[in-house]
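Mind having a look at this structure? Questions to follow.
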Amino acid sequence: MNHWIIAPVLLPPLVGAVIILAARYQVALQRVFSVASTVALAGIAIGLLVQSMSGQIGVYELGNWPAPFGIVLVLDRLTATMVTLTALLGVAVVLYAIGSGWDKRGNHFHALFQFQLMGIFGAFLTGDVFNLFVFFEVLLIASYGLMIHGGGAVRLRAGVQYVVYNLLGSTLFLFALGTIYAVTGTLNMADLALRVAELPADDTAMIRVAAILLLLVFAVKAALIPLHFWLPATYAEAPAPVAALFAVMTKIGAYAIIRIYTLVFGPEVAATADIIGPWLMPAALVTLAIGMLGVLGATHLGRLAAFAAIGSMGTLLIAIAPFTPQATTAALYYMIHSTLAGAALFLVVDMVRARRQAEDDAIAPRAVIAQNGLIAAYFFAAAIATAGMPPLSGFLGKLLVLDALRGHDLVWLIWATILVTSLVAVVGFARAGSMVFWKVEPAPEAASPAAPVAALPFVATGGLIAGIVALTVFAGPVTAFLSDTSEQVFDKQAYIDAVMDTPRAQEAEAANAAGKPLAYYGNTEGSADKADAESTTDSQQEKTE
Amino acid sequence: MIARIFPHPLLTLTLVIVWQMLVNYVSLGTLVFGLILGIVIPLLTAPYWPDRPRLKSPMMIVEFILIVLWDIVVANIVVAKTILFTRNASMHPTWITIPLDLRTPEAITVLAGTITMTPGTVSSDVAADGRSLLVHCLNAPDPDAVVADIKQRYERRLKEIFE
Amino acid sequence: MSLILIAALPFLGALLPGLMIRAGRNACAWTTALVTLTALIGLLVHAPAVMRGEVIQYRLDWIPMLGLNANFFLDGLGLLFAGLILGIGLLIIIYARFYLSRNDPMGQFYTYLLLFQGAMVGIVLSDNVLLLLIFWELTSLSSFLLIGYWKHLPEGRQGARMALAVTGMGGLALIGGMLILGNIVGSYDLTVILENKDIIQASPLYLPALILILLGCFTKSAQFPFHFWLPHAMAAPTPVSAYLHSATMVKAGLFLMARLWPVLAGTPEWFYIVATTGLITMVLGAVIALFKDDLKALLAFSTVSHLGLITMLLGFGTPFAAVVAVFHIINHATFKAALFMSAGIVDHEAHTRDIKRLGGLRHLMPVTFTIATVAGLSMAGIPLFNGFLSKEMMLDAASNTVWQGNPWIIPALATLGALFSVAYSFRLIVHTFLGPKRDDYPAKPHDPGFGMWASPALLATLVILIGIMPALMVGPLVATASSAVIGGELPYYSLKIWHGVNTALFLSIAAVVGGLILLALHRPLDAAWIRAPRPEAKAIFDALLGAITRAANALTDGLHNGAMTRYAAVFTLAVIVAGTTAWFSGTAPAPAREVMAIGPVPLIGWFLLVVASGCMVAFHRNRLLALVLMGIVGLIVSVAFAYLSAPDLALTQFSVEVVSIILLLLALNFLPKTTPNESGSGRRLRDGIIAVLGGLAVGGLALAVLLSDFSQESISAFHLANSKPGGGGTNVVNVILVDFRGFDTFGEIIVLGIAALVIFAMTESVLNGPVGARLKQRPINPNEAGDRHPLMMVVATRVMMPIAVMVGVFIFLRGHNEPGGGFIAGLIVAIALVMQYMASGFEWAAARKRYPYHMIIALGIFAAAFTGIGSWFADRPFLTSNYGYFQIPPMGEFELATAMAFDVGVFLCVVGAVMLALESLSRFAHRAGDRPSPYPMDIDPSRDLPQEAKDA
Amino acid sequence: MGLDMALWQEITVSVFLVVAGIFGLVGSFGLLKLPDPMTRLHAPTKATTLGVGGVLIASMLYFIFAKGQISFHELMITLFLFLTAPITAHFLAKANLHTNVNRADVPPPVGDRPWAGYESDDARRIAEGESTPGA
Amino acid sequence: MEYLLATAIGVMTAAGIYLLLRQRTFPVILGISMLTYAVNLFLFASGRVAINLPPVLLNQTPTYTDPLPQALVLTAIVISFGMTAVVVLMGLGAFLSARTDHIDLARTGDQAEESGK
Amino acid sequence: MILTYALIFTTGCFALGLLMNLWRVVNAPGVPDRILALDTMVINFIAILVLYGIIEGTAVYFEASILIAMVGFISTVAYARFMLRGNIIE
């Protein structure tokens, strides 16, 4: 039995538990555990990615209960891609957190970081909507802790808003799940796909409500206007490595939209056919516009990076909205890109903060910072990546998106928005960069804070930028893989078959047909009851009911 | 040795009885399991109970309980009458101070609890030196009689039981 | 050399200057020059073949899905431009070595320069429009870095941003145009596009594509009205101005127009847009140039003018004009680069570029004077210099062009442009070099060393050589390049000095004479010019950009101003609107389920709930009362769960309620006790309406749910059927929690554990900061009652706690079969512990704690995880459970299930998490000077007994 | 409900129920009717004792009569109520003493120290410092 | 019965939303708690409701209420308890650090000291 | 039959009691009165749950009653402590 699928969900909490048990007061030890775990996760993730490349969909039936009765984890190309992206980002983030000393500014950074990873991995891997909720909560609550890591009045107040907003999101999620269960009587995504497709034509109102509520839930995560309001203050106030990790949190919303609205409420499902489109594309366009205008208008680097994140989500959702394989390929490419670029941007911003007095991140002339040239170069790279300027992957991603939307009804509006907002972002980044790195004031020698000398932050940030470069250079193979990925995403029958047609599920069906309960544990004979299964073990006495 | 296994034998006994009541039937199995829990739980919670109360006259407990139950019924009727039929203006709510002869916290607690559970009186505070109990009476035209009654009916017996 | 290598060499080489600068400035410069030279040689190797008419190609798949491939091709046009870029680049590199001062970071300079060079070479060699776009935008980025190279100069920073904004805008328009073009043709390969003139020009998308592409070209080539950025880019070091803003980058727009000439030109749209723009730019640039006193500004506007001239020629759309355009590109590159470098030398030596402060330099800088004069005369279009030839041909082409049926307007304006061109060229020579020597130069000027004047001298030589024997020098090059532009037969033309007496000659003479007159009248004209009101492009641009930036800031900061109340209102409204729309756009069948009768008790419960909720809203400003009311709502909800056949939920809800209230009270101790009335009635009305709408929507949905049926049988039928045989338990809810959906539970206990960790970490960080210090020093509240740890409470707790623990064990053990389980048991035990904390105080109880709560949480996670992992050893998935019935003699038969071990994990996590959270919270109250109480209760008369005995 | 009960059994159970109902209601009514917080504190004792007590006895009897099974759970409930109700009342009385009661109306204790609720922490420390040297 | 339950859910939602829109953290937290009650009952109702049919197989009744939503609600209750605990403490920490419990950031008059008592 | 009426009567009494309690919670002169009313409510709910068990003839609801009886007072004590000292765990 292949247990690797569950490793990403299981390893982090165990390491987290070890950290709080054994290394509560030793930061050095925590770092060792955390880095080891994160690197191991990256390895596992790559292994899973390779495994997924065959096109086979891996299914892991937790508790040996087949779908839809138990919870299943599903590994296809999409989930493997997301898991790998997260794991690699995690390595950079944890290294940065250590190198910058952020992890020492409060308690439990590494434990919370591990739990955060667990939540993200779980959200990607699960094939069950309620389990998705649970992992959303895991990743959220860890993110609450990480967001306020280090404390401070402003951060705490922003943190309260973040939590309250997400509590609303979670409440909405439960409303959506209740509605879904009330209509379909199931929670498994594949089973949902089957049941929603078979809904009678005169009974669509409730499932439509469920579909739209669920979209709004994911829209909160994905920072889609008008449900994005949690983002600017949160990202701007969160500790940098956390903000960098959050770059992938918004993508969870995007992932969930892709997954659910291709598999369950796909474009061909009559009941919910026209429900997403009219909302998603316009909202995505506005999101992009607001995000990039925010970049232009930002007065602080933190806000600039946060609005850039919103803008990139706008672009991403524009690519998702048509729900076509080609556009989805573009979306996936852009998703990988914007995760790396967004994270790099936050880390660069933090490098500036760390070298300025009082961690000031105003876009205004200040005393020249240590290592100005190198950091400026990093900022330049992250900025052109984020703004979508050549030659980095942001440009390729944007071209892919533009190209994929050629046939869309709103093509002119979409193209114009993407291109004009690019210009806005370019101008905004140019203004910020020249103001921060060029227009410097002479350094008052005594007052400037001691420059951090650690190389690790540069390595971590550089790693992300190297990732962007690699994504650019190897855009061919990457897009080819992502093209296969989105093809698999749109082949919902394959997904359903993989999840619903396992040997265990066949046993359950046979048992059901025979009117007997499903054999459990050791027995593979089909519809035998528990007594038969246990008759072989002499240490355990059976109880006849 | 025994003290180490049974830091609070009375508690162990109580727990065994509680277990029986919880599982709602008596068998050897439940008894044994109840006993195990009755030993383990006091051991686990022993730090929170640094000193051990002693019962001097266990038989008196039954008598005490019966008296209290009877008093509760009687007092209930009296108080119901007071609530329903006495005008608020003609009620005589009073505070009374009961000087305590009891010295152990357990005994004082039981006394205070008893006073509260019999309708019409509520024990409200203890003096800072633990020598007096403040009781509020719903309708006590003769406060001294109440004091005497409480000391006679309850405190005397509790003194026998605990001290 | 492979084409991709030629394009890549400068990029790869860009890494070198940064490294070589450590070896010295010379090493740095020569390395850079060597890189360029290598690329140039690599290019020239292909020259013979290209001259023969061959097209060199290189193809490499990059993103086949997108049609973006690293395809390069080299034809005449590419050769011409690549040669210019690399050749002039080489000269500039040498020149810059001497131009840059010791304080300038040379490594950076050459890095940027090579990046730019690579981008330019990439543009002219690309055989894929998307690839071309990448290089195109790269030139914008690298020129941004070069213009802003002197970062201490505000003009440099502003100029860089302006250039980036304008050319970036054009670049994005170009992206749109190219995508449309590719869309029309079905390929992004240039060679394919170039073969599809008919399809393109017939397409309804031709005009949008044309406009977008021209926007890109015009901005890059500083055509009116986008010309204004170019003079401001002159804040860059002179080598940059010479290279980017005369010879190469600004020609990228011309290149692209030339490149796409075969498919885009020849239509009226093309003619009117391109020729008109070019004409206006030519005249306007020339006029302004005449009145510029800054040498570089003068040259910048003359560049604008010449770019306009070439644009106009391309716009004519005739093959002859295209040839002239190509020829003038070569000529302009030579004389203008030479002029820029000369201006740089003057600036470098005299420390000023202000013509009004110069004059008479002829005596001090004869070499520079010679070079500048040669180049200047060429710019003026004086015979024997190459500028004359192409100007002559331009006037010829112009005189044969009809604009809107008007045959003289174009020749007249073209002549006017040439006239001003003569004037400013002569002004440059006369006012800088001629006249008497002055004694007030900011520095003592003299000719620089050979290294610095070698490059312009070489160019000046070319100016003369081409001017005298054009056919020999550049004839083949012009021919191949032109045929690449035209994409067909070359028209008749001849490159020679004397074309006979024709209209062009008369126009040319008129221009020279007129120009000299203008120069003579310069002083009064200049005075008039200064007085004349005219729009200042930079001011307009700055104002516009500033306004947009401020508007963007106002919009985004205004929208995201941290007003959580608004965020929440928007959220709620969005949900209500979306949900309602979705409902009413679908169809709902008639209610399928029968309604249950309403008994009086549920009715009263409902009434209580509604009243309590309403009161909570009405009295929410009294926080304690609101909390009490919330407790009542929670109580009713718990009882409702019990009533509606959910005993497990009732137990859980009630226990959670108790813990929550303790938690909220602990917090409320430090919070204000009342909420001020801050909302006006309008605000309250608005919120009330939103609330009522939300209530209606949710209530309606709930009713719809309750009155409808599942569309198919619920999966829980399976759970009911398999709970006992498969999960070994009769409490199906518990079996679902620990077995069927144990993974949910696993996540859930992690959530609790994390919550506790977060609370702990936050408490630490708050209390270790200034807030903690403040709290420790806060005064004792005089309103506190005495008796912290009342005797009755302590005694009762001593009995209650063990019993409560026992109840917890009971609830835990029976959970698998009857209502109960690890969660509830954990909550009960936690509450029992809280009871102890409340009775005897935090310090006293915590001192008696045996295991840290962190550890209990961790052990809980381990217990749950390793129970799950245990099933791996039976080759089953995570969390597969097993159970069996055991017989131990006195205790009878009992069941053990692995799910119970999992439940132990749940139990531990709940206990640990709740206690860690409460313990953290209670630490806020710790005051400095508080001593831990040595006794479990404050009053204990039995303590006094021995004392009393002594007294007696 | 299982109705294989004799009439006398039914009547017995019913009597306990009715008595319980009356006392329970009187308790809650007292909460409304009685004049001041301290007197109101007396009212719920009825609800706890004869009110819920009567219901619990009725329930026990019912399960014995109707189902033939003795249920101890009612006893558990009673035990908990008897253990906890005095504590609650005690605390509420202290709260009343603290807020609603005029201190002058409260008679002094017999010793020289005040009622525990009226002795501040500092005063207590001083008093204990004198009486218990070890503290 | 169904009408009672649905209206109760609606009323609690309305109360929750109103409190959610207040300007101080404390009422907002109470509002979220009310929403939590409402959504838990809603989720519970998704299995439809029944009286005296607890999903405990000892009962020997032929039918049971739907156990699955109960398990889901239990999970939801516990999770929202954890969330509430965190937000309560964050609200407290924010109040103590910033000396205001305004939930809106950057309001005028935020700097004014407010008493915790 | 008698039992049925008795059950209805008693349930009605306690339900009525609940309404009175709620009135007292909302409309009380002081906080201790509210807490007292809340505490009484809890007790009345226990009675109603036990009565419900008799009506339905099931013992499944006893756990809820036991639990409420056991831990219900904690919140009352907490409120009172909050009144008395502000800090409920010290």
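Labels A, B, C, D, E and F are assigned to the chains in the order they are written; within every chain, residues are numbered from 1.
Heads up, the rule we're going with is that contacts are C-beta pairs under 8 Å (C-beta built on N, C-alpha and C of every residue); 3 or more make two chains touch, one makes a residue touch a chain.
The structure presented is a predicted model; accordingly, all values stated were derived computationally and were not measured.
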Joint neighbours of chain D and chain B, given as chain labels: C
Centroid-based (C-alpha) most distant chain relative to chain C: B
Chain centre separation in whole Å, for chain F relative to chain D (CA means): 12
Distance from the mean Cα position of chain E to that of chain A, given in whole angstrom: 26
Mean-CA-position distance for chain E and chain D (Å): 31
Cα-centroid distance, chain B relative to chain F, in whole angstrom: 22
For chain E, residues that touch 2 or more chains besides their own: 20, 25, 28-29, 40, 42, 45-48, 51-52, 54, 56, 68, 72, 75, 79, 82-83, 86, 90-91, 93, 97, 103, 105, 117
Residues of chain C whose C-beta touches two or more other chains: 562, 564, 566, 568, 572, 643, 647, 668, 698, 701, 705, 714-716, 719, 724, 740-741, 744, 748, 751, 754-755, 758, 762, 766, 769, 781, 784-788, 790, 792-793, 796, 799-800, 803, 807, 818-819, 921, 939, 944
In chain D, residues with contacts to at least two other chains: 22, 29, 41, 43, 48, 71, 73, 76, 83-87, 90-91, 94, 96-98, 116-119, 124
Overall pattern in which the protein chains touch one another (line/ring/star/complete/other): other
Pairwise chain contacts, counting only pairs that touch as defined: A-C, A-E, B-C, B-D, C-D, C-E, C-F, D-F, E-F
Interfacial residue positions of chain D with respect to chain B in the complex: 22-23, 26, 29-30, 33-36, 38-39, 41-43, 45-46, 48-50, 71-73, 75-76, 79, 82-83, 85-87, 89-90, 93-94, 96-97, 105-119, 124, 127
Residues on chain B engaged by chain C in the complex (per definition of touch): 11, 14-15, 18-19, 22-23, 27-29, 32-33, 37, 41-42, 44-45, 47-50, 100, 102-106, 108-109, 112-113, 125-131
In the complex with chain E, residue positions of chain C that touch it: 561-566, 568-569, 572, 593, 595-598, 602-603, 606, 609-610, 613-614, 616-617, 620-621, 623, 626-627, 630, 633-634, 637, 640-641, 643-649, 652-653, 656, 659-660, 663-664, 667-668, 670-673, 675-676, 678-679, 687-688, 690-692, 694-696, 698-703, 705-707, 709, 714-716, 719-720, 723-724, 730-733, 736-737, 740-741, 744-745, 748, 751-752, 754-756, 758-759, 762-763, 766, 769, 771, 774-775, 781, 817-819, 823, 910, 913, 917, 920-921, 924
Residue numbers on chain E that touch chain A, as the complex places them: 20, 25, 28-29, 32, 35-36, 39-40, 42-43, 45-48, 68-69, 72, 75-76, 79-80, 82-83, 86-87, 90-91, 93-94, 97-98, 103, 105
Partner chain E, residues of chain A touching it in the complex: 130, 134, 137, 140-141, 144-145, 148, 151-154, 156-161, 163-164, 167-168, 170-171, 174-175, 177-179, 181-182, 187, 233
